[in-house]
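Next, two complexes with chain A in common: one pairs it with chain B, the other with chain C.
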Partner chain A sequence: MEIVMAFVCGFLFMAAIYLILSRSLLRIIIGTGLLSHGAHLLILTMGSFKGSAPPVLSDGVTDFVDPLPQALILTAIVISFGVTAFILVLAYRAYHELKTDDMTLMKGSEDNE
Partner chain B sequence: MNNFLLFPIIIPFFFAMILMFGRNNIAYQRITTLFGLVLSIICAAGLVSKVYEDGPQIVTFGNWPVPFGITMVSDMVSALLVLTTLILALFIVWYGFASIGKEREKFFYYSGIMFILTGVNGAFTTGDIFNLFVFFEVLLMSSYLLIVLGGEKAQLRESIKYILVNVISSALFVITVAYLYSVVGTLNMADISLKIAEIDQPGILTVIAVLFLLVFGMKAAIFPIYFWLPSAYSAPPIPVLALFGALLTKVGVYSITRTYTLFFTHDLSFTHELLLILSILTIVAGCIGALAHFDVKQIIIYNIVIAVGVILFGVAQMNEAGLEGAVLYLIHDMIIKAALFMLIGIVIYVTGTTNLRKMGGLMKTYPALGWFYLIAAFGLVGVPPLSGFIGKLLIVRGGFEAANTWTTILVLASSIIVLLSAMRIFIYAFWGEQGQLSSKVQKNKYNRLFIPTALLVVLSIFYGIGTEWLMPFMGDAAKVLVDPSIYTNAVMKGGN
Partner chain C sequence: MFQVLCIFIPLLAALFMPFFFKKVSTIHTGWFVLVVPIFLVSYYALFIPTVSKGDSVIAQLDWIPSLGISFVSYLDGLSLLFSLLISGIGALVVLYSIFYLDRTKEQLHNFYIYLLMFMCAMLGVVQSDNMMTLYLFWELTSISSFLLIGYWNNRDKSRFGALKSMMITVAGGMMMLGGFVLLSIMGDTFSIRELISQAPELSTNDLFVVALVLILLGAFTKSAQFPFYIWLPDAMEAPTPVSAYLHSATMVKAGLYLVARFTPIFAVSEIWIWLVTGIGLLTLFWGSFFALKQRDLKGILAFSTVSQLGLIMSLLGVGAIAFHVDGAQETIFKYAAFAAIFHLINHATFKGSLFMIAGIVDHETGTRDIRKLGGLMSIMPVSFTVALIGSFSMAGLPPFNGFLSKEMFLTAVLSITEFDLFNFSTWGVLFPIIAWIASVFTFIYSFYFVFHTFTGKGKIDQLPHKPHEAPMGMLVSPVILAGLVVALFFIPNMIADTFIKPAVMAVQPFLYSSPDQIDIHVAAWHGHITTELKMTAGIIVLGLALFLTLSRWQKIYSLFPSKLTLNNLYDFIIYDLFDRWAGRLSGLYMTGSIRRYLSYMLGSISIIVIATLFMQDAFRMNFDGASPIRIYQVILIIVLVIGTITTVFAKSRITSIVALGLVGYTVSLFFIMFNAPDLALTQLVIETISVALFLLAFYHLPKLKKEKERTQFRFGRAFVSIAVGAMVTLVALSAHSQKLIPSISEYYKETVYSLAGGGNIVNVILVDYRGFDTLFEIAVLSIAGIAIFGMIKLRLSKKGEKL
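Entry: the complex of A and B
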């Protein structure tokens, strides 16, 4: 199972990097989304898949799943959700102001605008 | 168990929420912000004296036993940094009254500042590695707001790049924490420190150490991942730039210092050697940038990069002199960078340009500005008895004690480049023929910009002259960094 998950994470990272390196802003944002998915799956994998019962402590349950990675993923999902929402709005606004979504045309400093 | 240490985090957070209401009433916004900052400063000063008397303060949320709950730890390093952060924020907000503009003030500028303080103070105080990630996100989210606030073309363009860099480094941070968790099985920083000593897996831990260096280095702007900093920081207005320049990179530096003194002490010859080499390369890259530019903002921005290199050089020595110097220099650099950005802001305001070639002769028209700039520049370089001297002296002594002779000489030589870059601004802007002057300068607004700046420069002078008096605090801070067992013992004991 760990091996399969490692491949899934790796594939997600690969796709994310491919998208982030493209020119279009929207593809880059989708890439960052995939990147965070890969990271979240990695946390899940790193917590290991041992244990069968849900992590609710009651009498007789000894073989329970590690609850901590799940808590971490939940936090990380919320954060990446917020950041993605912000960056989408920013991209929309930037497209309106700069009249382009091509990252190669967004170079330059104050002097050569 | 002492909830007191949470006040410098909770008070800015609380005030940020209050400030979200009544955004059109600027007087209310300003007074509330000042009140919140003063209140937080009083609490932070109380915290410093408490830590000085009783040692590190610990809170574990929800009264869980220690490795399980989220722990907040305030030792001398973090208490001092929290106090410095809040004092600088007060000066920057005061300076911003005259220069930030009504439009930004109406659109949650002050809330953004308070939230960023929540994040920065939280990152300095937390004792849980995943909680550090959360506080990083808090400060990054508010920095996204502040960098884009105003919606100018340059701001939109640069903030997209800034956000992308930080999103990627945040994903890396999560990945690194996941790796660390799979190896040590805990997230509490004190517990990690103990577990790392127990389990004998140096290979994977070195990988994690390098990953952490990458993650925090991206925030701290070390070589070779400082590329985003100069363009991103030149976009926002001066008060925001001063806030970012003084605080944000320093959070990264603090995190590197914390992880490299607390966790990764198993293979010093690899991890700290890498840190040493990277810090030297950072200094060199910063020096080249500082000399190459004729834009006053860019010159000071590249000086941030140099200072990051110098501080991390002190950390890489891993002896008491080096670490004490690093803490002293870190706080010095926060103060002096804020002061320099504020001075540069005034220069840009009175000349109406950022290009050094167009400036000149300001010494005749604005002599006080010239003298204060000169003092701040000497302080940046470390001319005794100004604030940079003792820190750099201790860092250099640490370097010689650790027998890194050549690299230490390079650090010393970098001071000359810093002097040259700072003096270049002085020579071009203040000496020579009268250059461009803005026609829109109002004496009243100039004074309102100048007073907080001058006071901050005076504060930096006192930081230099009063080092003797500050030494006990700095010694405490260095002791915690040199001997992690002080930290871990306090945390492990404090939760019971």
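Entry: the complex of A and C
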């Protein structure tokens, strides 16, 4: 399963980067969303899925999964939400001010790369 | 301690100058500045009795002890002499500038801050024993020189000259830093004194010659030696007090100081002697020859400075020969180092006064063009007298100090022919000849400077201003310097015992154990007619003849091709090579498109990581202990992949947002599968809010357009994304397949109840073990919240303009 998940993470990253490199703000933001999903799964995969019980102490259970990646991911989920919310509103505001959501037009130069 | 702080006194004083300039408007700011050099002169004068006995005083202030970098103020004969010159000439220059720069028209606080910064830097250069701080101060002199040359920054030529001087001297400084680093590797210390004590071992090192050449490049660029001298004539755009101070008396001598200071280390090398002597003599000749081409008074002085610096440089080179001769105390080579120091003092006095006179002429007549000047003798008698004294001293005529050091210089170059090592007995014959020809030209340009300005048919009524004698205050400094020029001729031995001999000790430390052993007596008349005296007579006769016929042969300078000059080479390098070609090259990839930069970065990261994985042989595939794949997991993965593909290729915004939500919910199902209930819960909540927020915000955003892209970029984009995906997969596989160190989670598992008293390990880690992380996480969220609020509510646009 770990091997398959490694490819799934790579796939998520690939799609995310493809979106981030596009011109439309909406696609870029969706790309960052995908990127954080990929990163979370990557951390979890690298920590391995050993263990059969969730990391909560209860009687008679010793075979926990590794709690540390989960703690890191929990922090990351919240932070990525904050960042996503921020750039969403940034995009909203930028569109209001500049009347475009095209990155190359926002640059303000005539050079339409 | 106080001794080290004294280096920084000018810098501290500079802090107050804007205050004095802005608040005390009735008094010229220069008067406040003047206190600093006067204090420093008197402070350093206290060291004269100790140092003239051959002792040295040292004080240290640690800066970065772990790297062995500290501010060390090391006062021996050489550095004390320079410190006194810097603060003494500094005082005279500040006094002169008070009358030269108009309080009401100039930005005086800027000027004096730069000047004080320079003073600090220069004191640091000559006193530092630590090579790293020496380099620091060295570059600070370049920077302050840049600021001072560009002081009148609305003039094109000032900016050009400032940039040129900085480009050349900083490039040399970089070379010198390289040399310093090599030396510190060889000797395992940054201290120059310790390096000198290891000098014999250093010379056998392979890097020795490289360090030697690099350090010489630093010295040659700073001291305007051929072919780097081209910055000095352009530096004459600086206000005249600056030219007098930096570009004749002090900064350009930093290179000489460096050569003198490192002579004990490098003198064993024949390359050192050839380079220092040869380049010095070439510069001496070149500068004196082209001085006569100049039309600008300061231009003449600039070339004359170049030439005189070459003279001192060559003397230092000859002085190094003393390390190769047995019983050197007895030979004539000991004269060379002595003459170098002596001429250095003399040059500071006469060239300082001449620069000030050039400034006075400029100030009073409004022009420095020597073709427009003439006949000022009767109008400006005091200036004329000072100029006459300075020029005659420069030409090497008695009864002025230049005569004495010029004689010693001739002695030194004559003696080269007697040196039979390193091919000097054959090629060395050229040296006195070059020196003699250069001296003839020196004689001519000295006369050219003074007589074409002050005598002859004056066109006084055609000058921009009606000329009159300068105000008293302006004349004080040049008159003092001219007085020194005469005085030094009559009391050379007193100066020698107090200043020169201790300085010679620093240059040739292995030869003498105390200054008294330096058995040199300076005399104008040796009791019989020497070869040097005959040479001087020849210089005077030929020089006079050529000076009187100057107008007839000065045309030969126009014969030199104007395209093949060093200045054009500099322009080519800076403006064609760097500006245009390098600009075109970087324009190829610096397009200003953020997306393009991002793909460069991501592409390079992938290449670097993947290459490192394989080059370090870190890639492993290990399927042991992998958990089995179940059918519902496969279904989830298929859903995730479909969702992701949909976000990428969706045509409408609603579809892609919903697809993103789908991916998010699938991820939370994965969390459940992998025994992470807390993550799954959080992910569910956050995903729901996110989708709601997306829909809310994108209600206002435009519809997705089909992207029109150049296929080239589209392919690049696909390639970069595939590379990143591959990198992540490879890293994940390797990370999974090899566990080099055990996970630290065991610690949490064991102590979670005993230390933190909690059952849910993930939660306990977040709030107890890594409580600060969570605290800052909250801080990030609140910052994001404030920013979002600000962006929605606040409007920075103009009043009344509604968006």
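Quick note on the criterion: the second predicted complex is superposed on the first by the 104 of 113 C-alpha atoms of A that agree within 3 Å, B and C clash if a C-alpha of one lies under 4 Å from a C-alpha of the other, contacts with A are read in each partner's own complex, and residues count from 1 in each chain.
The working rule: a contact is a pair of C-beta atoms (placed from the backbone, for glycine too) under 8 Å apart; a residue touches a chain by one contact, two chains touch by 3 or more.
Fair warning: this is a prediction, and the values are worked out from it, not measured in the lab.
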In the overlaid three-chain picture, which partner chain does A:T32 touch, first (chain B) or second (chain C), both, or neither? first
Check whether A:E97 is in contact with chain B, with chain C, with both or with neither, and answer first, second, both or neither. both
Just to be sure I read the superposition right, which of the two partners does A:L68 touch: chain B = first, chain C = second, or both, or neither? both
Between chain B (first) and chain C (second), which, if any, makes contact with A:K50: first, second, both or neither? second
Does chain A have more residues touched by chain B or by chain C? C
Using the superposition on chain A described above, determine whether A:S58 touches chain B (first), chain C (second), both, or neither. second
Chain A positions within both the chain B interface and the chain C interface are 20, 25, 38, 40, 42, 45-48, 68, 75, 79, 82-83, 86, 90-91, 93, 97, 109, 113
Complex contacts: residues of chain A adjacent to chain B: 20, 25, 28, 32, 35-36, 38-40, 42-43, 45-48, 68-69, 72, 75-76, 79-80, 82-83, 86-87, 90-91, 93-94, 97-98, 106, 108-110, 113
Contacts from chain B onto chain A in the complex sit at residues 130, 133-134, 137, 141, 144, 148, 151, 153-154, 156-157, 159-161, 163-164, 167-168, 170-171, 174-175, 177-179, 181-182, 187, 231, 234, 295, 354
Seen from chain C, its contact residues with chain A in the complex are 591-596, 598-599, 602, 623, 625-629, 633, 637, 640-641, 644-645, 647-648, 653, 656-657, 660, 663-664, 667, 670-671, 674-679, 682-683, 686, 689-690, 693-694, 697-698, 700-702, 704-705, 707, 709, 713, 717-718, 720-722, 724-729, 732-733, 735-736, 739, 743-745, 748-749, 752-753, 758-762, 765-766, 770, 773-774, 777, 780-781, 784-785, 787-788, 791-792, 803
List the residues on chain A that touch chain C in their complex, please. 1-27, 29-30, 33-34, 37-38, 40-42, 44-58, 64-68, 70-71, 73-75, 77-79, 81-86, 88-93, 95-97, 101, 103-104, 107, 109, 111, 113
